[in-house]
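Residue numbering begins at 1 within each chain, and the chains themselves are lettered A, B, C and D in the order written.
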Amino acid sequence: MSVSVTITDGPLGPFLPPGAPAGAGALVLFEGIVREREADGPIDALDYEAYQPMAQRMLARIGDDLTTRLGLLGLWVEHSRGRVGVGRCSFRLVIAAPHRKEALAAMDEFIDRLKQDVPIWKVPVWRRATVAPARPSDRPDAG
Amino acid sequence: MSVSVTITDGPLGPFLPPGAPAGAGALVLFEGIVREREADGPIDALDYEAYQPMAQRMLARIGDDLTTRLGLLGLWVEHSRGRVGVGRCSFRLVIAAPHRKEALAAMDEFIDRLKQDVPIWKVPVWRRATVAPARPSDRPDAG
Amino acid sequence: MSVKVLLFGAARLTVGREHVVVDAGQAPTCRAVLTELGAAYPALRPIAGVGRLAVNSEFASGDQQVRSTDEVALIGLVSGG
Amino acid sequence: MSVKVLLFGAARLTVGREHVVVDAGQAPTCRAVLTELGAAYPALRPIAGVGRLAVNSEFASGDQQVRSTDEVALIGLVSGG
């Protein structure tokens, strides 16, 4: 049983599969990817602010709690801090467990608790306004 | 939107992350790993039999159905055929979707339907009996 | 009509063969094939009792008629994953 | 007593500062600090209204007293993931 928590500056690197611990029958992975829209409009990136060391400690506490309660065999979590562009990964959770059922339950509960209790905030970087196309009447050849 | 189905001889190779499709906010992965016990005792491996091409077709049909119904952006599934040793991966499902909710719902339903309707069977390869230790009375120096 | 039925998994292990041939009468339905399978191979009764045949790689209802050119497989309970 | 309150996310953006200092009276509780935050910075009221302060990196109840050596942060609603 192991719980690993990493806060990384910028987007997360590629997933490096942990070796499946002895007794594992299920390995699940979740990656959160920055989408090109937030509620209020298109964005270029998200800036993540983390209140440290509380964020790290809360992530570890949730991981420890789920590991003990559900009998997980390994839990690895990574979260970005700072700017993460559209299409890049900002959050990754990997869980190994004896069976699918507890692995998926743990994943669902972990993400719910992350979004409820872990002091990390995203701040949208709104998409830079593209230069408005010139109106026809502005064109030299439009008169 | 893409659905990819692969039946592989022997254990699956390492996970090669697909590029997240445009618009994806969540990428989830499930790996099934052969455990060292089946209900009736310890095993060395599982032999998977697949009725082809029905197995491949059913996997693709489930993937297509979920993709359409839940608006998935990509679904990749791999399943082993033949012998897979303890600790090795026999099944992998990767789903990309706009949000976590539909990605996890699709993963859960896909695996339920796999276990219900896809003509693939596992046959345990029971652990070879280890040589029983000699009884003390058999030892030359025990008399 | 003789019907060749493909076996897999526990069914194949139980019978020790990759297929069996049963005579399920004239123009048999899938239901008749399953019944005859259980009669000819009592060890297959629990699996045949699940009631799932595939005909030409599609699940077939009990009423579906089996033709002599069809590929028939006993599916029973599967256990992939 | 002056209490320095760290700000993050929308709270930081709204006020344009990484922390603010409020005077919440003698031996203030967390509840008093939140009330004073909303009074001094009306733009923070929706966030302070969520009622979550962290004291020394742990969530604190409304009744918890804030000491002059404590590190206090306004958590409000988080949005990681």
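Just so it is clear, contacts are C-beta pairs under 8 Å (C-beta built on N, C-alpha and C of every residue); 3 or more make two chains touch, one makes a residue touch a chain.
This one's a predicted model, so the numbers in the text were calculated from it and none came from an experiment.
Counting hops only between chains that touch, subunit A reaches subunit C in a minimum of 2. Mean C-alpha position of subunit A lies 26 Å from that of subunit D. Separating the CA-averaged centres of subunit C and subunit D is a span of 70 Å.
Within subunit C, contacts with two or more other chains are made by no residue at all. In subunit B, the residues that reach two or more other chains under the touch definition are 32, 111. Across the whole structure, chains are in contact as follows: A-B, A-D, B-C. For subunit A in complex with subunit D, the residues that touch the partner chain are 32, 48-51, 53-55, 57, 79, 90-91, 111, 114-123.
Listing the residues of subunit A that touch subunit B in their complex gives 14-15, 17, 20, 22-36, 87, 89, 98, 100, 103-104, 107-108, 111. Within the complex, the subunit D residues that touch subunit A are 6, 8-10, 12-13, 54, 57-59, 73, 75, 78-81.
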